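Should a chain be cited, it is by its letter among A, B and C, assigned in written order, with residues numbered from 1 in that chain.
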Amino acid sequence: MKIYLKIWRQKDANSKGGMVDYTMDGVESDMSFLEMLDVLNEELVAKGEEPVEFDHDCREGICGTCSLMINGRPHGPDSRITVCQLHMRSFNDGDTIVIEPWRAKAFPVIKDLIVDRTAFDRIQQAGGYISVNTSGLPVDANAIPIEKDAADASFNAATCIGCGACVAACKNASAMLFTSAKVSQFALLPQGQVEAADRVMNMVRQMDLEGFGNCTNTGACEVECPKGISLENIARMNREYLSATIKG
Amino acid sequence: MSGLIKSSLARKYVMALSGLFLVIFLVLHVTINLASVISPDFFNEASHFMGYNPLVQFLMQPILIAGVIVHFVMGFVLEIQNKRARGISYVKFQGSANAPWVSRNMIYSGLVVLAFLGLHFYDFWIHEMAYKYVEVNPEDPTRYYAETVEKFAPIWRTVLYVISFVLLSLHLWHGFASSFQSMGVNNKYTPGIKKFAQAFAVVVPLAFAFIAIYHHLNPITH
Amino acid sequence: MAVLESKVPSGPLADKWTKHKNEIDLVNPANKRNIDIIVVGTGLAGGSAAATLAELGYNVKTFCYQDSPRRAHSIAAQGGVNAAKNYQGDGDSVYRLFYDTVKGGDYRSREANVYRLAEVSTNIIDQCVAQGVPFAREYGGLLDNRSFGGVLVSRTFYAKGQTGQQLLLGAYAAMNRQIHRGKIKSYTRHEMLDVVLVDGKARGIIARNLVTGEIERHAGHAVVLATGGYGNLFFLSTYAMGANVMAAWKAHKKGAHFANPCFTQIHPTCIPVSGDHQSKLTLMSESLRNDGRIWVPAKKEDAEAIRAGQLKPTEIKEEDRDYYLERRYPAFGNLVPRDVASRAAKERCDAGYGVNKTGEAVYLDFDAAIMRYGREKALTSGMKNPDDATVRKLGEEVVEAKYGNLFQMYEKIVDQNPYKTPMMIYPAVHYTMGGLWVDYNLMTTIPGCYAAGEANFSDHGANRLGASALMQGLADGYFVLPYTIGDYLSDDIRTGPISPDSPEFDEAEQNVRDRIHKLMSANGIHSVDYYHKKLGKIMWNKCGMARNAKDLKEAIKEISELRKDFWENVKVTGKAEAKNQELEKAGRVADFLELGELFAMDALHRNESCGGHFREEYQTPEGEALRDDKNFKYVASWEYKGDPSKSELHKEDLVYENIEVKTRSYK
């Protein structure tokens, strides 16, 4: 396959970036999208040019590191996968592919296609945990039975990989899906109830401080989420926040 | 309270609640308007009541106006904040791949509805205020029907109204159901709520449009 | 030999850990505030250690090369975590878990460490549940278990196929709590480039800020390395792309022994390599072998026709298929342990029966399972004489319910429907049992330098059992290291802050800068990946699933030559003072090029077959591993002497007082 690429190149956070065109010959349909970029980079290195930097690590769809906007969609055209699971067979000979970094004020570009997502870490640090000591608890794991449905719903919320596709897809660059997934995971478990009110208040406050946009319920995040995190989580967070506000 | 407005979630609640309030107002409005097609006398009575009842005039009307203002000011604020949150825009962005047009363009449907409200205020409310408080005319419980029908005589106004109702429909199509999600309602009833809200979004603007066209086609012949 | 003092406490096995905890020195809470600990790596071991140490009161700095601690590769573990809870009442106990682990490791692990691991395993589950880890539950609301890897009890706790992710997010949450309290300072996108020794003690690290390229000094009273395994030595593996041996290797060069480097786990069920462009291999869960039958064509011409694309696997008649695991191991069949299954696949492919275009793949076939489940389902739903199509449809539904997500993942990658045609699988490098030598306290041979999780060598011997890696990482981090480190730090309460301005730091930083300069200025002709792929080929072909003296000797020579070539001809683009992924890779590959040689030396010296280490010269007439307990029942611990080839071997004899040493057989 012959593929035409338009890739965002930016030297560092302070430089101005722009789109650069590349042409790739001999792309095989069995290649993963990132392997196609590996080949491009090998060619660039051979020419003495700087390769395109992009974030990636596990390459099996679980670490949440890879983060490319491909033809205007986070993680590319296929659903329920990350970029590293996307294969070139999803494209055709002669296609032009536009590759950009996640765009959000809260995710500044570090270099080329790499963005800084530490805003997500700070949201978690504001309250995304249960305050129990890690050293030698006396409570047996089976002391508190948890309804299977609640445990499963909690798990589903907890499968968020923190990749940021929700922010990238949202026309408002809102981080509600990410934040609500964590709020929900704990809100659904008895262990998480104790701090539920503080948690949602603190996490939302941090989310706002980071400069993410507001949620307007377009649902784009849910569609593009590689793990299928549901909008129900945002509704749950809205409820939790409302009740926390009312209770003061 | 100001702290509440600083929170993105609080802004969501404000949009949702003001929106829901305006939805309720629409029900009242369309009901009275439909009377103009069925029974001009009842329409006159109802309009007169609304125009001269002090509770309506000095409590509900200001609340309504405040509701409209809050809804559109907050809408603007959100739009500006949301644009800023993106920073640099994408060279290529396929919004249509993951969200319906209506949900992504609430600001435009809202702006058209707002512009319409300007015309609508000019047509009826300003006229009313002038009639009652500037010119200080005496009460006339029979004038409303004729005044209304007359407004729809020019084709341009009727067309503008109908276009606005289409945009109102689009605005409601997303906004009505969405306000439930904003208030934290997302459960087994949600598909039903969504269907109801979408039916509402079609039926109510359609009724408004029908009334406008009806009066345009049925002028009062003296 | 004084350097290899394992410090295993005396007394009965079951009391050792309790006794040890009672006897070691502690640091009082007020003094902990004056002690700084550096933790490198934020996976299960590093993340949990950092959180616990901070909670105890120490000042902790964490470092990870990822953009967030949450992305460490522990996240990719699928199956589960073992714990001797005996919730199923099926006779599990701490001893049984201990026994299974030692036996599974082919009697090459340290008895006391493994017992402690089994002992604290139950705390892990309590801890994680309290933290809000959403483990799978039964309808009664209690925790569910599955069985794993051929053991006789059901002791594996799991969260669907994402157990590693959920456990890591738990440790990350515990870290976040301490970050919020200011007790942990987290440095992300930072890579440790050297450990700094002051008066022979580990007192800090030199790290590179991967965003700006700045070289930073960080001082502390102790350094904990929880940097994972070194499977990326093979280029293709199930490891994350960035996983590397740099931290462990730098510690090794500064005096930490490297133990059993050749003990590598090769997982039998991975998606095969599809071409030269391949960067990474994907694991398909071991659970698939419960229902899948593994086979290759019995006739070579059929295999050739398949490779040429002229024949489909479904067209091969039953009698022309070779279900080689069932043939060779009738008792365990398709459920033999990982090392055995991997070697058997390699043997068939080497003999010319491999099935995909590269000739390195075997079939994992669900057809029989689909039909069996379908018939069962038809029977239970009251159908009499259903036709084949109906049975197949019902069977596919059952299989989908059990393995749907794995089948979908396979289809995404390979673009074939595994319900209709057999899956292709091939073994891939997946875990390294070897690592830094540590004593019972998890301290390396450098005082004050600790190693936890996959980075150390201690618990899995020559082969790791499924669902035990997560257990070990969390046991080390939550329950072992935070206490044992106190014994060492109790001497440091009057030391005061460690200065990063000492001559030792100057020298370490200068060395790091010189090395980076050397990499940047080689200005050669080949990319870093070129060398990494070459190294991977040597490792896979000569130090892989089956090894022999001739190959290993060649490998040692070839790796050493490749290393020389690398330093002369590598081309690293970009600048050192900026984000530079080529430079990051170059530094990692340079270390692999040294470790590779030691790996081959270790494999060459170990004249026996055990666990993941199979020497062709040492096998039974039936082709099974032949262990030599008389001569090799020891930990091979290598000391660096200026060059990998000059490394000096030390031996820690393994003593089994509580377990009978037997031959593993799966016939």
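Everything that follows uses one rule, which is that contacts are C-beta pairs under 8 Å (C-beta built on N, C-alpha and C of every residue); 3 or more make two chains touch, one makes a residue touch a chain.
What you are looking at is a predicted structure, and each value in this text was computed from that prediction instead of being measured.
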Exercise. Going by C-alpha centres, which chain is most central here?
Worked result: A
Exercise. Hey, which pair has more contacts between C-betas, A-C or A-B?
Worked result: A-C
For this session: Averaging only over C-alpha atoms, locate the centres of chain B and chain C and give their separation in whole Å.
Result: 62
For this session: Let me have the rounded angstrom distance from the C-alpha centre of chain A over to the C-alpha centre of chain C, please.
Result: 26
Exercise. Just curious, how far off is chain B from chain A if you go by their C-alpha centres, in Å?
Worked result: 37
For this session: Return the residues of chain A touching two or more other chains; collapse runs of consecutive numbers into ranges.
Result: none
Seminar exercise, completed: The residues of chain A that touch chain C in their complex are 11-12, 28-32, 34-36, 38-39, 42, 44-46, 48-51, 53, 55-65, 78, 81, 84-85, 87, 89, 110-111, 114, 116-118, 120-121, 124-137, 139-142, 144-148, 151-152, 154-155, 158-159, 161-162, 185-186, 189, 191-192
For this session: Note which residues of chain B are touching chain A in the complex, please.
Result: 4, 6-13, 78, 81-82, 84-95, 97-100, 103-104, 106, 174, 178, 181-187
For this session: Write out the stretch or stretches of chain A touching chain B in their complex.
Result: 6, 8, 19, 69, 71-73, 77, 98, 100, 103-106, 108, 169, 171-174, 176, 204-205, 207-208, 211-220, 223-224, 231-232, 234-242, 245
For this session: State the interface residues of chain C toward chain A in the complex, per the touch definition above.
Result: 48, 51-52, 55-56, 66-71, 73, 75-76, 85, 87, 123, 125-132, 134-143, 159-160, 162, 165-166, 169, 172-174, 176-177, 179-180, 186, 188, 211, 238, 240-242, 274-275, 277-280, 282-283, 409, 412-413, 415, 478-479, 482, 527, 529, 571, 573-574, 578-579, 581-582
